[in-house]
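The following blocks contain the structures, represented as structure tokens.
Across the two complexes that follow, subunit A remains constant while its partner is subunit B and subsequently subunit C.
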Partner chain A sequence: MIKQILISDPTLRDGNHACAHQLSLEQIAIYAAAADKAGVPIVEVGHGNGLGASSLQVGLCKETDKDMLETARKHLSKSKLGIHVIPGFATIKRDLIRAIDIGVDVIRIASHCTEADITQRHLGYVRERGKEAYGVLMMSHMASATVLVEEAQKMELYGAEGIIIMDSAGAYLPSDVQEKVTALVNGLKVPVGFHAHNNLGMAVANSITAIESGAKILDGTARGFGAGAGNTQLEVLVAVLEKMGYVTGIDLYKMLDASDIAEDKIMKNVPIIKSESIISGLSGVFSGFAKHVTRISSEYKVDPRDVYRELGKRKIVGGQEDMIIEVVMDLIRNRK
Partner chain B sequence: MKLAKNKVVFEDCKKSCTEIECFSILDNQSILVTGGTGFMGKWIAEMVSYINETGNYNIKLYLLGRDISKFKEEVPHLAEKPFVSLIKQDVRYLHNLPSDVNYIIHAAGTPDNREHVSNPLKTIETFYKGTQSVLDAATRLTDLRKVVHLSSHQVYGKNETEQFINENAFGAFEALNVASCYAEAKRIAETLCSHYKNSMRLPIVILRPFAFIGPYQDLEKPWAINSFIRDAMLGGPIRVLGNGLTQRSYLYASDMAYCILLSLIKGENGGIYNFGSKVGISLNDLAIKIQNQSVSKIEILSRSSKDFDNVSKLVPNTDKITRQLNFKETITLDKAIERTILWNQLNND
Partner chain C sequence: MKKLRVAILGSGNIGTDLLIKIQRSEFLECVLFIGRNLSSPGMAKAIAMGVKVSDESINAIVKNPDAVDLIFDATSAKDAKIHWEVLDKLGKIVVDMTPAKLGVFCIPAVNLDEVLEHRNVNMITCGGQASIPIAYVIGKTQKNVEYIEVVSSIASRSAGPATRLNLDEYIDTTENGIKHFSKVPRTKAILNLNPADPCIDMQTTIFAQVENPDMDSLLYEVDIMVKKIQEYVPGYSLLVPPIFENGRIVIMVKAQGLGDYLPKYAGNLDIINCAAIAVAEQYSKNFNNIK
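After this line comes the complex of A and B, so read on.
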């Protein structure tokens, strides 16, 4: 029996976290064309936090959503164009209608792992337009397997064709992935997916554990280009999956070429697991905070590791970037 | 287009209404429908309109609902009928009913499971408090002949056998499941009916609906047949989510409306009836049927988390409605799909 895995590549979306949302249209065009050539099934494009997220709060994007999507659309013929949508950042009227009109094929509606309720209208609208709709539960390490199943079941009822859990903090060990993905596969009718971050060096291993536990969708980025310590390195993942007998539809050599192009043309720095990223992963802090924590810690001369520890203790989630400065101020006050 | 659309519905009513003379008993009587502005309410109004016109009867209809203005906008031809009176009312806070009401069809509350998981407390309240309000108000009517309570097949719990479900079936329940509030609320509503029948001597009939399809049903509702038809109308692909071997059955809307009206006059006091189509079909076969009716060649995609050990089968045994109500399905599933697509095309135009 063919073991098919659906790969979604958010290099041009999660990667935007790694460069403070400064990917240019030219870079988007270059990588989209390379990924398309390699046969990557879904290429996700946009601001790191998704459609409509460009703001002072989470970071201003160099390019507009419209320009990014139109550029990517032009350079994707075989690959589907995907977007990440967090209701609140993106509204149906202002953002989603236009994105679908531009030609987006796959729409992943995301919420914090305990807030699936906010995705009902967006998922309904995407299905109404006949596009592929997925539900995404972010920061999934913050909820138990039981809660994740309940939230995922809501998304399934809202019309999601698959549910992806994100290890947004890179906090999982393989045993965590096994527990949660198994529970989701048992509790859902639609396919389950996994999106990893590499803070503890477990991204590829965790992705493999996910599919061995029944997941059918995996995310990965060229050179792991993504928030914090980066994501699952896609070219490695494709090679490992090939070795294990899984089919992805991606041409390995062309994927290796695409990764080389990505490293050369779109990455100022290739993601590595920095010391801070390890503490971020251990503390369970959203990987998208990395740039903000580094900048604010350096400005106020506090140890970023202490900042991560405190953010983790306070269970701060994506979208609460303004809490970083508050934590830093508290650390300074306590020091005095 | 409006005329063509209404003609589709009129023809469907004509086909389903095989025994018009039996409705003479409803002549000069008043029927109140809760949830009267929804899918069932609209179809009951269409069928009563057909019966009044064709049989030269005077059946009066009160349609009670929360969003009267939407109803007037969507179906002005029904809202303007002289035999129709609209009552804007949330069923949970209902107190008095018009004093001339002789029959009640209690169909309030949405079966949309997205609403159930997003608003579980409201769901429970609508079915529990709403049913109690209706039945309390019914006890104050002086010339009440019958109450038909629309329950749900979900009161049966899970059925993972190959058997048709009969009225005595009882499957497993998951009270803690996110969507269970609907099934549990429907069960308590049936218990309320039983109490009002026993203690207050209300003449109550319970119908347990399965799945329906037809005009006036939003294709954006999250049920398989609606999604398949919508996907097909958008040019595909049709996406089969979960276990494609799952068995369902679909009764066409005009047959549905006719059967509800039959239950008013022929339903046995205290009787419980399965209400749906006995013709089961797997989701995979349903997708193929819809694919075959599409003008362009469209793809069918299957998406599931796993290989399923059990097949869910929600197909009723309909012997009781056939025998006691003399109800027969007149519109096949193929025809139901064809009519639904046609009506929606006219509606979109």
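After this line comes the complex of A and C, so read on.
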């Protein structure tokens, strides 16, 4: 039996979180071409929070959605072009119509893990246009397996052809992944995917656990280039999967080349697990907050670890970056 | 003084909460509460309060047009369009709670007098009622505002099926409202749903990109504006006064509900209802020559 795993590579999307959304068109062109050559099935491109998310709230993007997608499109021949779309940020009229017109192949419509019903119209629109539609449940550590299955089933009903759960905070241990992915695989007809962050050093191990629990789709990025402590390091993942007898269609040597190119050309810093990232992971805070927490904490001279703890306690979700300022202001007030 | 006679069209959460607020008003009297189904919870509430009810939708007004001066339309954008065709001909005033965008945009703290020249008033969106007054102050006090962005976070439980299905319209209408009142051409609206338990209060952050911000006049004017809004939205407060951080102006406000028909955490629904009541009261004051 061939054990096929579908790999989606958001180096040029999640990686934008790691460089304050400053990836240039040239960098997008270079990595897209390298990933295409390696046979990466899906290359995801855009602002860290996806389509239409360039903002003062999350960070202004160096390039426009249109330019990024057109550039990537030009440099992908075998690989499919993917995007991440969060309703509440992106709208169909303002953003999604144009992206599909540019030639995006795979569209992943995402919501916080308990809010799947906001994806209904966007998923419907993608299907109407005949493109590949996936549902994404972000910050999935914040909901029980039962709730995740209910939410995923809604997305399935809206037309999602696969459901990816994200460990957006890098909070999972392998046992959590096993419990949640198993429940989803049993509760859904469509394939299940897993997207990891590496705050607790678990990204590759959690991804493998997901596969062993029945997941068929995995996300990984070159050198783990992504928000906070970074994602699953794709070249490691491909090697491990190969060793375990899984088929990804990716050429390992060329993937290693692509990751070397990525390190050389698109990363000022290769992601490492910083001290702050460990507390972020333990507190269950959205990885995309990392740069903001670091900046605002140093600006107002508070301990970023206290900020993460408080954000976790308040159950702040992705997209609520403004709450970092409020938490910092509260910490200052309470100190006085 | 003669109280303005109002009717509420739509017996859902918004309509029923409006009904309770009207009972407190010195200027308004609810003469008719209209739905389609007499057994809905809103209808039961109205009947218990001794308010006259009807299940005949718009026909209730057509049958007896002289009994009412102003109608709150709390149905849907689609129905509001059909209703307006009828109510316009009857010469009625309509305060439109739906995103139908038929009438003049109103933020009571900014253009309450302007609406008196019109007979159809659009309440924009809940996030708009919270953020646009502040965006207006930014436009008024700052030179060369390049961009304004507003981010609202609301409790998941306060977002019903219509809100969830209409997120795109919410964003579109809020962005248009900010442009209209601030005169800033580039705007963006973002909405987050937060499922935390206990429920969060509605919170809105207003960001602006301004070349040389004048923080003194902004602090002064925001303070005045917040007090003005508090006159009709008691639960509105300034959470983080204007700061200049990372090249952007940041202001945060919070809207807590009054807890009338809707729970206190549904400040997003409360604020738009409070604003609609302020509009109706203004017509009443105008008819009674009260300044």
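Just so it is clear, the second predicted complex is superposed on the first by the 336 of 336 C-alpha atoms of A that agree within 3 Å, B and C clash if a C-alpha of one lies under 4 Å from a C-alpha of the other, contacts with A are read in each partner's own complex, and residues count from 1 in each chain.
The definition used in the following text is that a residue touches a chain if its C-beta (ideal position, glycine included) is under 8 Å from a C-beta of that chain, and two chains touch if they have at least 3 such contacts.
None of the values given here were measured: they were computed from a predicted structure.
Peer 1: Aligned on subunit A, subunit B and subunit C: do they clash or fit?
Peer 2: fit
Peer 1: Please indicate which partner A:326 is in contact with in the superposed arrangement: first for subunit B, second for subunit C, both, or neither.
Peer 2: A:326 contacts subunit C only, not subunit B.
Peer 1: Touch check for A:237: first (subunit B), second (subunit C), both, or neither?
Peer 2: After superposing on A, A:237 lies clear of both subunit B and subunit C.
Peer 1: Mind working out whether A:120 is in touch with subunit B, subunit C, both or neither, as first, second, both or neither?
Peer 2: Touch partners of A:120: subunit B and subunit C.
Peer 1: Is A:130 contacted by the first partner subunit B, the second partner subunit C, both or neither?
Peer 2: first
Peer 1: Of the partners subunit B and subunit C, which touch A:161 in the superposed model: first, second, both, neither?
Peer 2: first
Peer 1: Have a look at where A:299 lands relative to subunit B and subunit C in the superposition and call it first, second, both or neither.
Peer 2: second
Peer 1: How far apart, in whole Å, are the nearest Cα atoms of subunit B and subunit C in the superposition?
Peer 2: Value for subunit B versus subunit C, nearest C-alpha atoms: 5 Å.
Peer 1: Once the two structures are superposed, pull the subunit A residues common to the subunit B and subunit C interfaces.
Peer 2: 117, 120
Peer 1: Hey, which residues of subunit A end up touching subunit B in the complex?
Peer 2: Spelled out, the residues of subunit A in touch with subunit B are 117, 120, 124, 127-130, 132, 150, 153-154, 156-159, 161-162, 184-186, 188-192, 214, 216.
Peer 1: Enumerate the contact residues on subunit C facing subunit A in the complex.
Peer 2: Going by the criterion above, the answer is residues 147, 149, 151, 153, 156, 161, 164-165, 167-168, 171-172, 188, 190-196, 203, 205, 207, 209, 239-240, 243, 245-246, 248, 250, 252.
Peer 1: Under the touch definition given earlier, write down the residues of subunit B that touch subunit A in their complex.
Peer 2: Spelled out, the residues of subunit B in touch with subunit A are 113-114, 116-118, 177-179, 220, 222, 227, 230-231, 234-235, 239, 241-243, 303-306.
Peer 1: Which subunit A residues qualify as touching subunit C in the complex?
Peer 2: Those residues of subunit A that touch subunit C are 55-57, 87-89, 91-94, 112, 114-115, 117-118, 120-121, 142, 295-296, 299, 314-317, 319-320, 322-323, 325-326, 329.
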